[in-house]
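Same chain, two partners: chain A is paired with chain B first, then with chain C.
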Partner chain A sequence: MSVTVWPVWGVLPVALAVLAFAVTAAILDSAAAPSGSRRLAATVFETARLLRQPRRSTPAPDALLWRIGTAGPLMVALLMAVVVPFGNGVLSNLNVGIVWFNAMDVLLWALWWLAGWGPNSMVALVGAYRFLAQALAYELPLMFALTAPAVAAASLDVTDVVAAQHHQWFIVQMPVATLVFLGSVVAYSVWGPMSHPVAADLAGGMLAEPTGIDRLVALAGRYALLAVGAAMAVALFLGGGSGPWFPAWAWSAFKTLLILAILVGVRRRVPVIRAEKFMTVAWTVVLPLILLQVLVVAILAARDASGVM
Partner chain B sequence: MELVIFLAMAVLAVSSGIAVFVVDSMARATFALAVSFIAVGVELILLDMGYLGIITILMMVMEMAIMVVFMIMLMMNPGGLMPMSMFHNTRGSWLISLGTFAVLATGSLLIPWPVREGEPPADLTRALGEAIMGSKMLVMIAVSAVLFATMVSALVLSTSRGRYDS
Partner chain C sequence: MGMKRTLANWAASRPHILMVDAPGFTDVRIAVEQWCLRTGAVLVWTPADADVLVLGGSVEGVLAAAAEELWREMPGPRARIQLDSADKVAERLDATRRELAAAKLEIRGDEWVSGAGHNALASHDGHDGHDMTGPKAEHSGHDMHAGHDMSAMSMPAGLDMAERADDRDRLKLDAVPFSLGPVLPGWSTGLVIDIVLQGDVIQSAAARPGAAASSDFWALHPTAARFDCASRLLTVLGWQNAAASAAVVRDHHLETSEVAGPIERASRLHRQVERSRLVRAQLTGLAVVDGADARDRLLRWLTSDDDQLPFASSINAGLAAIQGLELSSARLALASLPVDLESATMSHHAGHHG
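For the complex of A and B:
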């Protein structure tokens, strides 16, 4: 299966695809709400409401940093999508694509914090500090979860990782890394069980103050992060576009939607975990587990390499 | 095209570096510094050192996000709501910076620059990994142990009591 590198104008269709998946995530989320199918159009209504809502500000905000913070997550999702293969194509087969993805998710440390700092509001700033605590907890496991497929494929290029799975999907060999990656996507998207920084006990935390278009962009960014994270999980662990009968793009879309539905659905199944409790679990349970996972993957990769040569 | 981006990033790196000292908000100063580092990272990417460039961006942004916590905790005027000077020892720092610039600039003009020998390897990331994991492995292991011990002892020294002890 050869990889097509899309031309530069491909950024527009890719951006539209990211937005389409983000909107799908929002619709799935409102469909799962307790009031059920009547809320299917809630995404449309909420978008229209936020577009019409005048921007409300706070006393002495740092408007520049605040705008950067609320628009940032969507930008990060789009920048991540540059290296995520979809079907047989990818926008850039950067030879260090996995490191690029990792660097982009680290940008969220700064951006979510700025979203909390900008409005000069107490609850927002507390939310921002909660996010940094949460980020310290998930980042190392996430880095090792990204390391595992790179070790198995002997490449930092995401398209090589997809190509290395034509015998067996990596989820078989590295179930822990798959789960940790998906958990980290939820955590950096500040979603569901990891939404402590925007939790109701803080009146919305980092998302307490943004209104109108700012709020719309911030919420869209969260859904887009989930969508791109799901697509990356498909490329890293679920064999990318491989599958019988249907074309590669259809398999990529199907698998991405499946993972996205799981990520969105987890919100109403698992309670919010406080940042400090998450920290304890992440460093005492998850980190040793993912290190063992990388060890197993490395031994398997070394055995394969010595067997071939 | 690459030259234009390179120059733009060079200007951005220097000007956001200057902005660190011009703005009077700790948050703005921190993230102006982050922007400066990101511009340097992009320069490295343009020099075909993709891995080093992206790692620079990754590490520096993470570092600034942690640093801003401490800056806001420790500085008198975190939000820039009250006027405050970001300078101290101005005369000394002028002398030091002008002296350093003079030494480096004359050095760069006077040094006999070496002629390039050989070609860069095809995969720079692999060459870097082999250098770190091969001949320099002992240094890396020693340095990482020392760094880790430093961090743990700094934490132990700074927290004589736990958070919930009375």
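For the complex of A and C:
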């Protein structure tokens, strides 16, 4: 399976695709609401509402950093998408694509925190620190979850990882890494069970203050992060665009939508996990498990390599 | 023009509603919640995200001040409505929605943006700044003083700096006075608890004597009262589907006194909550009163064959429970020890300092 590297102008269609998946995520989310009329159109209504709403400031905000914080997550999602293969193509087959993806998700530490710092509001700042605690919990497991497919494929290039799943999808060999990766996507998107930084007990926390276009961009950023995370999970663990009968792009789209629907659907079904509880579980249970997973993957890779030689 | 009109209509078809309900007007609150569930309108937690301010019943005193502040902080286009009884709530809210679609953009007077007018800000009878919804966003060193002295003038936006005090490990840390309430998600509206925060840990807490009504609404509907409290606790837990289920069961009990209808749903909810590891992890051992922790109380509320009211006898149990807790645990603890502001016995809550 050869990989097509799209030309530079491909950034536009890729950005549009990311937005399309983000909008799909928003539609899935409102469709899953327990009740209410015209739920499928809710995304349109909410967007119109936020476009019509002017900005409102808080006393003595750090306006520049606040804007960077609210717009940042969408930018991060777009930058991640650069190395995520879709079908047989990719925008950049950077030879350290996995490291790039990881570096982008680390940017979220600063960006989400700025989103909470900017408005000069108590609840927003408490939310921001909750996010940092949460990030301390998910980041190491996420790094090891990204390491596992890289070890198995003996490459940090995401297209190589997809090619290495020619015989068997990595989810079979590394179910723990798959789950940890998806959990981390939910966590860095501040979504569902991992939405403690924007939770009800803080009246919205990090997202209590932005209005109008700022809120629109911040919310779109969350959906875009989920969408790109789902696409990356497909490339890393679900064989990318491989599948019978249909073209590769169709398989990529189908698998991405499936994962995205699962990520979106989890939101209302479980309680929010407090950052401190999450920290305990992440360091005492998840981290040892994912290390064990990487060990197993490394042993299998070494056995395969010596078998070939 | 046509485009603008369409946009306005779309924008108003899912209004975001901020509810300020006076104690004693539970039926109005429930009617508004039901309307929101039916039409897809969204009940929100913060003025930044609100289009419509709904005032339920006779909003007075601290609540009235909070409502004015919330109204001022809503970005607009906005509308407000006063609902004094549960009659015709749906018609009136539908009308408000049309009013919202026609509302014009106002020029916002955020005086702090221009750097001028700090006096105007500080003179909002002590509500410096914004966000009464959240635990009130308060960077000022003193809360609720009628006038700010001159030294405050040099501080950003007229807000004071926090003072410092020993924390539980005897380290000097910023101590920030802050108020929980009077308007919060999953909260007995009208209740105000003044706290001192170091980081996000509560060092001391005291309830402010607040408005109280005398209504026997919940005394007449004990089962509905329990599911209402459960719904609020589940809201604070962030478990939206379960909170919605509890509200549905509550509404069944309010509409018909026969228990057969919602019993299946109630027992399913009870099973779900009982099985949930996340609920167990977060509520077990929290706010133990008379040998029962928050999870025990939640599960008891979700049992249908019980005629007991869910309310704690006074706010003091809650105040004692939240000393030294971090904010989110404190919110859960308080939601698990709800007080009934509506019955006359609650008219004076005593303070409690740790």
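The working rule: the second predicted complex is superposed on the first by the 307 of 309 C-alpha atoms of A that agree within 3 Å, B and C clash if a C-alpha of one lies under 4 Å from a C-alpha of the other, contacts with A are read in each partner's own complex, and residues count from 1 in each chain.
Throughout what follows, a residue touches a chain if its C-beta (ideal position, glycine included) is under 8 Å from a C-beta of that chain, and two chains touch if they have at least 3 such contacts.
Owing to the predicted nature of the structure, the values given are computational and were not obtained by experimental measurement.
Q: Should the pairing of chain B and chain C on chain A count as a clash or a fit in the superposition?
A: Overlaying the two complexes on chain A (C-alpha atoms) leaves chain C and chain B fitting together cleanly.
Q: Which angle, in steps of 10°, is spanned at chain A by chain B and chain C when each chain is reduced to its C-alpha centre?
A: Approximately 100 degrees at the chain A centre.
Q: By the touch definition at the top of the document, which applies to A:Leu107: first (chain B), second (chain C), both, or neither?
A: Only chain B is touched by A:Leu107; chain C is not.
Q: Who does A:Tyr129 touch here: chain B (first), chain C (second), both, or neither?
A: It touches chain B and chain C both.
Q: May I ask you to decide whether A:Arg303 touches chain B, chain C, both, or neither, giving the answer as first, second, both or neither?
A: neither
Q: Taking the superposition on A as described, I'd like to know which of chain B and chain C A:Leu94 touches: first, second, both or neither.
A: Only chain B; A:Leu94 stays clear of chain C.
Q: Check the residue A:Ala60 against both partner chains and state whether it touches chain B (first), chain C (second), both, or neither.
A: The answer is both, since A:Ala60 touches chain B and chain C.
Q: Residues of chain A touched by chain B versus by chain C: which partner has the larger set?
A: For chain A, the partner with the higher number of touched residues is C.
Q: According to the stated criteria, A:His166 is in contact with first (chain B), second (chain C), both, or neither; which is it?
A: In the superposed model, A:His166 contacts neither chain B nor chain C.
Q: Does the superposition put A:Trp117 against chain B (first), chain C (second), both, or neither?
A: first
Q: Looking at the superposed set of three chains, what is the minimum CA distance between chain B and chain C in Å?
A: The answer for the closest chain B-chain C C-alpha pair is 5 Å.
Q: By the touch definition above, which chain A residues appear in both interfaces, chain B in one complex and chain C in the other?
A: On chain A, the overlap between the chain B and chain C contacts is residues 60, 120, 129.
Q: Chain A touches which residues of chain C in the complex?
A: The touching residues are 7-8, 10-14, 16, 37-41, 44-46, 48-49, 51, 73-77, 105, 108, 110, 112-113, 121, 128-131, 133-139, 156-159, 176, 178, 184-186, 197, 199-200, 234-242, 244-245, 276, 278-279, 281-282, 326-329, 331-332.
Q: Under the touch definition given earlier, write down the residues of chain A that touch chain B in their complex.
A: Within the complex, chain A contacts chain B at residues 60, 62, 64-65, 94-96, 99-100, 102-103, 106-107, 109-110, 113-114, 117, 120, 129, 132, 135, 139, 156.
Q: Would you mind writing out the residues of chain B in touch with chain A in their complex?
A: Against chain A, the touching part of chain B is residues 25, 27-28, 31, 34, 50-51, 54-55, 57-58, 61-62, 64-66, 68-69, 79-81, 123, 125.
Q: Touching residues of chain A toward chain C in the complex: what are they?
A: Touching chain C from chain A are residues 33-39, 41-42, 44-46, 48-49, 51-60, 120-124, 126, 129-130, 193, 195-196, 199-204, 208-212, 215, 267-274, 276-277.
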